[in-house]
Amino acid sequence: MMDSAAVFSVLSRCFVEGEQAEWDELTAPTAWADFLGGARQMLQDTHDLAERAPRGSRRISGCHLRDVLSESELKALAVPPTFAAHDEFARTHFTGGLPYSAVPVESLYCKDDDRRDPLEPNRGLYLGKTADYMRDLTTSLGLSIPDEFRACPDHLSLELDLIAVLLRSGMAAQAQTLVVERLGWLTDYRMKLIGLNEEAANFYISLVDMLVCERAKFTEASDEEDERPRAVAKR
Amino acid sequence: MARYGMLIDTTKCIGCFTCRTACQRQNGLLDDEAFIRFETRESGKYPNVHVETVPLQCMHCDDAPCAQVCPTGAAHMGEDGIVQVDQDRCIGCLYCMAACPYQVRVRNSKTGSVDKCRFCTVSAYTSGTKMCTCVEACLTGARTFGDLDDPDSEISKKIAETGAAPIAPGLSKPKIYYVR
Amino acid sequence: MRRMNVRVLWRSDEDDEIFTIERKTAMSEKALTRRSFLAGSAGAVALAGAAGFMGFGAWEQAHADSRSTAKTVTTAHSLCGGCSSKCGYTAYVSDGKLIKQLGDEGHPYSRGKLCARGYGYANIAYSEDRLTDPLKRNAQGKFEKIDWDTAISEISDKVKSIISSSGAKALALVHDPRPSGKYYGPRFMQALGSANVYTHGAACYLSRTSGFKQVVGGGWTSDVAHSKMTMFIGRSYADGVRPSQVADIEAAHANGADLVIVDPRLNSTALFATEWVPIKPGTDLALVLGMSNELVRNGRYDADFVAANVEGFEDWKKAIAPYTAEWAEDVCGVPADKIASLAARMAAAAPACSIEPSWRAAFGCQYANSGETARAIAVFNSLLGVWNQEGGALFLPSVKAGALDQGKFPNPPAVSEKAYGLSDLPLASESSALSVAEGARTGDIKGVFFYNSNMVAGYQNPTYLGECFDKLDLCVVIDVLMSETAQHADYVLPECSYLERFELPEFVSASTPVVSLRDQVLDVIHPNTKPVDEIFTLLANACGVGKYFDFTVEELADAQLRTVGLTLDGLRASGTQSFPEKAFVYGTTPKFGTSDGKVHFTSDACAKAGYPAAPIWTAPVADGGSDELRLIGGKQAIHCHNQSVDVAALMNITKDYGLERVWLSSEDAAARGISDGDTVHISNAQSDGTVKVHVTERLAPGCVWMPSHYGCAVPEQKNAYKVGLRQMDFVPFRIEPGYGGACTQEAFVKVEKVG
Amino acid sequence: MSFTPIWGVPIALYLFLAGLGGGAFVTAYCLRRTAPGQAESTRRFAHYAAFIVVCIGLAMLMLDAKAGFFHPQRFFLLLTNFGSWMTWGVVFLVLFTLADFIVCILDLTKHKTPEWLEVFGVIFGLLVAVYTGALLATPHAFPLWNSAALPILFLVSAMSTGAALVIGFAAIKRPEEFKAMEWVSDAHYWLPIAELVLVFFLMWVTYHNGEAGANSVLVLMVGQYALAFWLGFIIIGLVLPLIIESVGRFGKKESRGMTACADVCVIIGGYLLRWLIIVAALPVTLVVPAMF
């Protein structure tokens, strides 16, 4: 059974064009079943992402895959696309400039940020504030943005990858902060994927729904007690 | 204490919108956020037609109607006679937009707060650093900026020379004078 | 299955010895899930890094504070990409974002100012709609991303197969010249052995320049600032904005110059004009003939100049005898006494006067008589002996880079034949891109490269052009955004925006000629986009002609500059360098660019091409029904054709002020029961559409004016899609005989109120 | 160049509901005076309705003030500039809602509300109703708003809609108490007439108050909003209730159903009045904006 970090790593591989070997390895029947198991377990996990349940952690309503995803999405999730199908989808939708482009980059979708930064170009433009944030955050953590993501440090794959890295480095509370703060735009992106009205998109929509559901678990929690994640980290 | 104002010579305004985009670049504004609006007036009958384009922006009125009605004190008369809007106090009730006789305040589509021309060119005027403000970017030099209290300033002399007057009488005490 | 778990014992900093115990498991896929984009195979953050974490709120606060303190601001001299003027300016960049732009004083076109497009268009760099990867049209006709190597190799294979099957003459390049593009594109074609290089001229200036070439050898620049009188036929300095021209006309107005606008529409330059002469569209030739007739009849022309420099004066004089002011009045609608007065005032102001050469407006490519109109205008100016006189019409000097060392920069062998289709256009000063469309339709042309050119949308009728290019074996488009032309392409290669590329030095003709530089302002944003020099170098290498491209663009630039006594670093520092020794001097009678250095009032070439030897009346071809209006177009100061319409900062101005509305004269509107702000239906055999209308006194009856930027049919350009109508949709395909112009205003439309 | 109104439905609803709440509370007090002890449940309903309605209005205001919506703490800054009607409006609203809340609690716990508390509530109810008009009347950029008639018109409309709400409730739910409400019904009969006069007066004055004023009136009477103005506001909002009331009063049979229906029309008319005044107003600008 995969733990949360691995689940996020697998998810981060699904929103970018990859190599055949790697994709086949990911979607091999055993590995994929392992991933689904890990994902289901993560979603139902009623504790914070932090491995060690902090004292007196409240019951958070876990959500089950069944009540989150529609029938067609569940079916799409069960059988991951072949590499050819994924490659085709990535090469038509994860590239910019086309009517059916659906580039998963937060700057293009981030909705209202509450304060206007005088120098920040407007929504719908690359390298928005969230891109600057991800760039500064990765460098301050001693990590580096690969060159092919130069235009989009806030690409969904990088955000998910960073969450996985933080989980693996025992920084679960920070990972949770990222899930809450950096995945808010996925509802907007989900509408974009649905707008493609393509059968192949269901797989990616179901992955996005999984993330939205995971985030929803923490947003209700974190709304009540704003200080919680930082409290854990300070320990 | 200076009292800054501006003179706009509409006989030189060709309606090319350069001031609007230069202001957006200089102040990092949103694409749909324009601190300058334009009114075009056609008069006369074909073929004797007279065309006039009038740029309008915050007049930084001495008796700022916007500051009078702003409940949170966000819109207030700052130093040197420049009306400012404190973005951290504004709740976006838009009352100042209703009060402004010249309709030159805009609501920021992202934050919901209201903003307007900030006479940002004052720092170019005082410090001499070149900026792409409406005054400096205008292709025909239709704008003159300066201290109205200083009789020797270029703007004071020009106002005296041309008899420039506010765009419409009796609405408020604006600090932008028009030559038409 | 053992759960792989990472246990962290987090101790206080003093004794932080235990960090990570990680259970190694045999399963390779576990290793895969450990590998990360960010942290490489380690898959984790080093302990030291852990403290660096900061939530978005905290970062924003820290970021905002750091933003207010003086951030590192870099500056670079570059050339604006807003239109083809390429004004020199200085860009101020902080944290990868353009925060300020100031025109360079030394540049002859900007003179310290930029226009609205200069500031607004710069946002294209971050646009969501930009192409980010090379694209190939797949079997289902949809575009999909491919990597550069595959794209270049597949394109070069097609090129080689076309060359082997039908020769290099079956290849063509259409480009809108930019500093690097106008070197690398043509050089690539010449290296392949093809002479088929075309610019956007056919839809811009071709008829005008060709007409001038027949009479005085080429175009000129009117010395408006020092003129006593200048006549603008269709050209509007306040709509097709170039900062230096706006400054000149303002200076002329201040000096009390007599500035006359001849235009069916009272354009934005009305502000500086002393008089508006509304005219029936397509009949400017008649006005010029009427005025010329007045000059000759009253003997008010510079007889000495004519005697010394003009060939064929007598034949011309006989030929224009019947074209009196009265005749002209019936044709162009300008009263005879007005024509007489204009001629008299011009004569009185001579030689400090001229008819402005215009650019696209009125006779660049608009009508079937544009070439002849250009000839008549050149003749009129010659009559008044204004050439190189102060306030008259100047042939300004320019400087060219010298020959380069053939070892390092070997020139490909010259190609003997002429560009495809040029032989059918004997009077054209350069090849007409419309020949490419004909060639594609007939199959003579099999492969076309488009660089920085949206031919399908703007050069002539989009539907017709689209059908022609669908027949091509290979269609490659190199651009920053998807465009109507790219929709017909097999391959789309993404170029980085003008802010992200270094381009070759641009030699600019002016009273004191200069050379200016487009230096790189921003780092390349999308890693998979390349500047034009790299693209054509890749293509050349793949097509086996790499030896003509074995240098970097900086090396080439430096070499070019050294031939004129400058260096790249020197020009980078100053942005613009002038050549005072080559400055223009008034009064020197120019050596005309005609075959014999003389001014030709009559032209054998024109006679051979079926036109009258002397430029007398030739009517426009299109004719409309009783209730139809001629469709004329024009520019607006905030757009550059259809290049800038997807930039939100500029398109919002259009939406705020309804600039996409068509103009209708109050007389025509009343006749159709249309009032200001109504929605009207515009239709003819080619196309139809609805748009809002602006009823105005600023337009002569008998025509409807449509701004020529709108009607974008490319869904990718979200801001521009479906805003307004496109003039070219209504124009039937036609090539101006002999000259090659696109006849963009030979169309009539019906205008009806909707609902 | 057409003009897009500054405010929209949320603020129109806010002004209408604030007035409605004030009016209902005042009607409740009038019942206390004119029909002591005979309409207690109607009075209770009026208090609860007033509270709910004003709260909805406040929610609308908070929703529309987007920058405040993002930073709720900024709403406390509203009490900074006492030169602004909006600051006073907040004061009146807070005090009125407080008073109404206490009265509701007393009603719920079956206590007798002291008269001074109700009078306190009535005063601030009236002030809330007048403030909504004064808020618009202060800025002189919009001739349609900038007239003395507006605050009074909004006050009358508030009382009329408030009374209509209470009477309508009684007519349907409390027939026996409805009979005891003679005075209030009579007063309610004259309010729409007063409104008609005031509207006519406002239109007349604004029409002669500069181009923008004339255009605002024309936009209302013959332009874009003509249908909403004549059919919605004048006929349904004012004339129809008058006819029904007159038939009921001077005719033979007094049917409660008809009265309730008239009251609903008055309420609709009240909302349309606020909405029309907000969206139809055109600013004083240089160039006459396109009229239709």
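Note that the chains are named A, B, C and D in the order they appear, and that numbering of residues resets to 1 at the start of each chain.
We adopt the following convention: contacts are C-beta pairs under 8 Å (C-beta built on N, C-alpha and C of every residue); 3 or more make two chains touch, one makes a residue touch a chain.
Predicted, not measured: the structure shown is a model, and the values here were computed from it.
Trainee: Which chains share more C-beta contacts than any other pair?
Mentor: Among the chain pairs, A-C has the highest number of C-beta contacts.
Trainee: Using only Cα atoms to place each chain's centre, name the chain farthest from chain A.
Mentor: Here the answer is chain D, farthest from chain A.
Trainee: Cα centroid separation between chain A and chain D, in whole Å?
Mentor: Measuring from centre to centre gives 50 Å for this pair.
Trainee: Report, in whole Å, the distance between the mean C-alpha point of chain B and the mean C-alpha point of chain C.
Mentor: Taking the mean C-alpha position of each chain, the two centres sit 34 Å apart.
Trainee: Taking the mean of the CA coordinates per chain, how far is chain C from chain D in Å?
Mentor: From the centre of chain C to the centre of chain D is 60 Å.
Trainee: Calculate how many whole Å lie between the centre of chain A and the centre of chain B, each centre taken as the average of the chain's C-alpha atoms.
Mentor: Averaging C-alpha atoms per chain gives centres 46 Å apart.
Trainee: What positions in chain B touch 2 or more of the other chains?
Mentor: 28, 31, 108, 111 - these are the residues of chain B that touch more than one other chain.
Trainee: Quick check on chain D: which residues sit in contact with 2+ other chains?
Mentor: 1, 70-71, in rising order.
Trainee: What positions in chain A touch 2 or more of the other chains?
Mentor: Where chain A meets two or more other chains at a single residue, that happens at 112, 114-115, 117-120, 122.
Trainee: In their complex, what parts of chain B are in touch with chain D?
Mentor: Those residues of chain B that touch chain D are 39-41, 54, 56, 65, 68-74, 88-95, 97-103, 107-108, 111-114, 167-168, 171.
Trainee: Over in the complex, which chain C residues touch chain A? Could you list them?
Mentor: Residue positions touching the partner: 1, 3-8, 10, 20, 28-30, 32-39, 43-46, 48-50, 52-56, 59-60, 63-64, 67, 94-97, 99, 123, 126-133, 135, 138, 142-146, 481-482, 492, 494, 524-528, 648, 715-716.
Trainee: Would you tell me which residues of chain A are touching chain C in their complex?
Mentor: 1-3, 5-6, 9-10, 12, 17, 22, 25-26, 28, 31, 34, 51, 88, 90-92, 94-101, 103, 108, 115, 117-122, 124-127, 129-130, 132-133, 136-138, 140-151, 157-158, 161-162, 164-171, 174, 177, 181-182, 230, 233, 235
Trainee: What residues of chain D sit close enough to touch chain B in their complex?
Mentor: Listed in rising order, the residues are 1, 6-7, 61, 64-71, 74-75, 77-81, 83-87, 90, 135-136, 138-142, 145, 283-287.
Trainee: Any idea which chain B residues touch chain C in the complex?
Mentor: The contact residues of chain B facing chain C are 11-18, 20-22, 24-26, 28, 31-32, 34, 37-38, 42, 44-47, 49, 51, 130-132, 136-137, 139-140.
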